[in-house]
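Chain naming follows the written order as A, B, C and D, and within any one chain the residues start at number 1.
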Amino acid sequence: MSHKKEPVEKRLSETTRLEAFSDGVFAIAITLLVLELIQMLHPQNGDGSLKSFLQHWEPFLAFLIGFLTLLICWINHHHVFNYINKTDSALPWVNGFVLLMITITPFPTAILAQYLDSEGKFALAIFGFNYFMIAIASYWLCAYTYRKHLVDDSSRELFHYIKLTYRYSIVFTGISFFICFISIPIAIVLYLILFGAFAFPKEFAIKLMKLKQKRRKKSPVN
Amino acid sequence: MSHKKEPVEKRLSETTRLEAFSDGVFAIAITLLVLELIQMLHPQNGDGSLKSFLQHWEPFLAFLIGFLTLLICWINHHHVFNYINKTDSALPWVNGFVLLMITITPFPTAILAQYLDSEGKFALAIFGFNYFMIAIASYWLCAYTYRKHLVDDSSRELFHYIKLTYRYSIVFTGISFFICFISIPIAIVLYLILFGAFAFPKEFAIKLMKLKQKRRKKSPVN
Amino acid sequence: MSHKKEPVEKRLSETTRLEAFSDGVFAIAITLLVLELIQMLHPQNGDGSLKSFLQHWEPFLAFLIGFLTLLICWINHHHVFNYINKTDSALPWVNGFVLLMITITPFPTAILAQYLDSEGKFALAIFGFNYFMIAIASYWLCAYTYRKHLVDDSSRELFHYIKLTYRYSIVFTGISFFICFISIPIAIVLYLILFGAFAFPKEFAIKLMKLKQKRRKKSPVN
Amino acid sequence: MSHKKEPVEKRLSETTRLEAFSDGVFAIAITLLVLELIQMLHPQNGDGSLKSFLQHWEPFLAFLIGFLTLLICWINHHHVFNYINKTDSALPWVNGFVLLMITITPFPTAILAQYLDSEGKFALAIFGFNYFMIAIASYWLCAYTYRKHLVDDSSRELFHYIKLTYRYSIVFTGISFFICFISIPIAIVLYLILFGAFAFPKEFAIKLMKLKQKRRKKSPVN
């Protein structure tokens, strides 16, 4: 049957469209965050003067956190799809799980904006749970494409270590989630470390790879 | 007249732009769903504490249903346009009918979020009517492109069966719509079957094609 | 200076990015229309039951009008840019005027949704003024690209007639605007004629071209 | 290691995706501005008649200012990325700072719409501070790509002068910011000059380059 042998270019272009759709979702989610800032200007908050509105610093902090979160997620999504050059029927679903978590992110951001002063720990924990789910989704995307050989063969070794960084991030965000209920400052430090590591995903994966290779050389038996 | 003989690449690129515009609409519609979740945080709902808001589970369920609906629609739209490689003056209108139903989808989702507990059957029926209209629009898109030979010739046979799956979906969503008024649980089971079938549109069409071909062999007279 | 001689492909790709940005604006404007429908569900409208909300038919009509308007504008924008294959420093500004009118369109749509029953003529006239401005912007886009030879040479003759259709649309929407204040039914008939003509812009321009060529043959002196 | 030698096309396409994501953010931010106009129609403003709403001219002016700001920013961003043909790990972050300022722009626009009549100087100063931050972000983008040789070699000289125009814009918007607190009319004149200069960024940079080259010829010692 002729429909089974799709030309290679077509399959490649399918990945392109998946990326374009994902880019759209990321771009919209990151831009919708400003609506929560605008919301703040409504008459019910403050005495009506501009200064009284701008004294609420929580929405600004929440906006910045939401923006950084989504930017880091986009950079990582973009980085991972750099190596994926084939697609199959299930990839839109695996990627769809990542997009679900991206789409919902403005919601915990809005919670953070409104409840950071009154119910800080709970609000931060909801945001932390979101990170945990994003970590699971990102790891699943890597693990699935690695297992199904949808990844560029020449980058397969590096991709293994990229996958590994997301596996670590599940553990890390899982622990941080529980810390949120105990101490906000410690949780914030943990999330800053997380941000630092995944701000440059390629460098992080390469560093991890070199570390593992060095350790392997030291103990060649293992 | 020279303007009549457009080069082939140009006509192909027209399909690309139609897809890009459609992707934009899908991406925005799917991301706007979160606004209904954020809306929920407004002071009029609950006693003001974060817990009182999160006790409303309906908006979360509605968000998930809306997200899955639009993701499945995107996967199917993407799948169908994989085979369409030409365009004409009317295709943007036929596709526009699909986009109309996609654009409006956040509205029945918002209805579901707000009325699932008080007027569940009616709210679900409105969502079900939306599915029915999406099924009609999708079938029309397939039937039009098939009839006008805008489909890649080598995939023409498979595309016939893809078209057939959408014709069945009209009947299926039509029946499910009436079931909504009678029993919510049965309606939900029916929609889960629908989701299952159209989650992997290519596999569904291939299965249908093989089934029909087998049957034809058994009764060669027919 | 080397920076002055940009390779041709680069200049072509600039048009692509202008189109991509425009597509984004169109896609978002058309999808934002649903927010006005969702707005309708707020407790202040009706007695709180789902039926009481759905009895307001005006927002649905306004949504449909807004959707059709933006879809026709996109089809026409897409059609015009089919022939534009070069760009210059001012084109983003001329195109920006079109985008300004597209971006603002959800506003007269919202006015239509809320004032169609109480102040129908005025609400329709505002929408009509929007059409008038869109017509001016579209004509300017065509006239500018035609004059500056940014249009594909082989399509220059047809493009002249495309330009002509938009010139006529300025007169037509100008008259219709004043009719809005006198009679809603006549204005609606006029706008339906407008929609019919610009639903298939290429066919409209070709018909106009043939009509003019025939007339020229009849009176060869002229 | 094979993953280090990425083919050149791939690195080029990375820039494309960065531009596509940025375009999405620009397109959404510019289209969200209309929501503030629609907001104005809510019953709390005016006596409920359409005329009473339209008498508020401030939201329309703010919409126009916000639209022009974002259009000029897009034109400049597009112009700068015309010359950038490589990417590295940090470029998404430098570009992310530009996008942060673009994403937030609807917020000062909303402030302008609501406070232009009651707290004009303060509202304009907030918008002015936004311009100042956009200028810093734009300069940083140019300076970073110039320093890291991510710019097309044949355009390197011109790019130096493009970079210079943004350095001047930091000083200019910094001064204008303070003027906002003193006199609104003078501030508006200053911003109109700014708009005029950056409406055609390429022409501005070329003019600056010729001016500097002429001056150098006059004083060959320097």
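The working rule: a residue touches a chain if its C-beta (ideal position, glycine included) is under 8 Å from a C-beta of that chain, and two chains touch if they have at least 3 such contacts.
Since the structure is predicted, the reported quantities are computational estimates derived from the model, not experimental observations.
Using CA-based centroids throughout, the chain positioned farthest away from chain A is C. In the Cα superposition of chain C onto chain D, the rotation angle, rounded to steps of 5, is 90 degrees. In the contact between chain A and chain B, the residue numbers used by both copies make up under half of all numbers at that interface.
With centres set at the average Cα position, the gap from chain A to chain D is 27 Å.
Note on chain placement: the centre of chain A and the centre of chain C lie 38 Å apart, centres being C-alpha means. Multi-chain contact residues of chain A (touching two or more other chains) are listed as 20, 24, 27-28, 32, 35. By the touch rule above, chain D contacts chain C in their complex via residues 19-20, 23-24, 26-28, 30-35, 37-38, 41, 43, 49-51, 63, 67, 71, 74-75, 78, 82, 154-155, 157-158, 199-200, 202-203.
Contact residues of chain B toward chain C in the complex are 1-3, 10, 14, 17, 20-21, 24-25, 27-29, 32, 35-36, 44, 89-90, 92-93, 96, 99-100, 103-107, 110-111, 114-115, 119, 122-123, 126.
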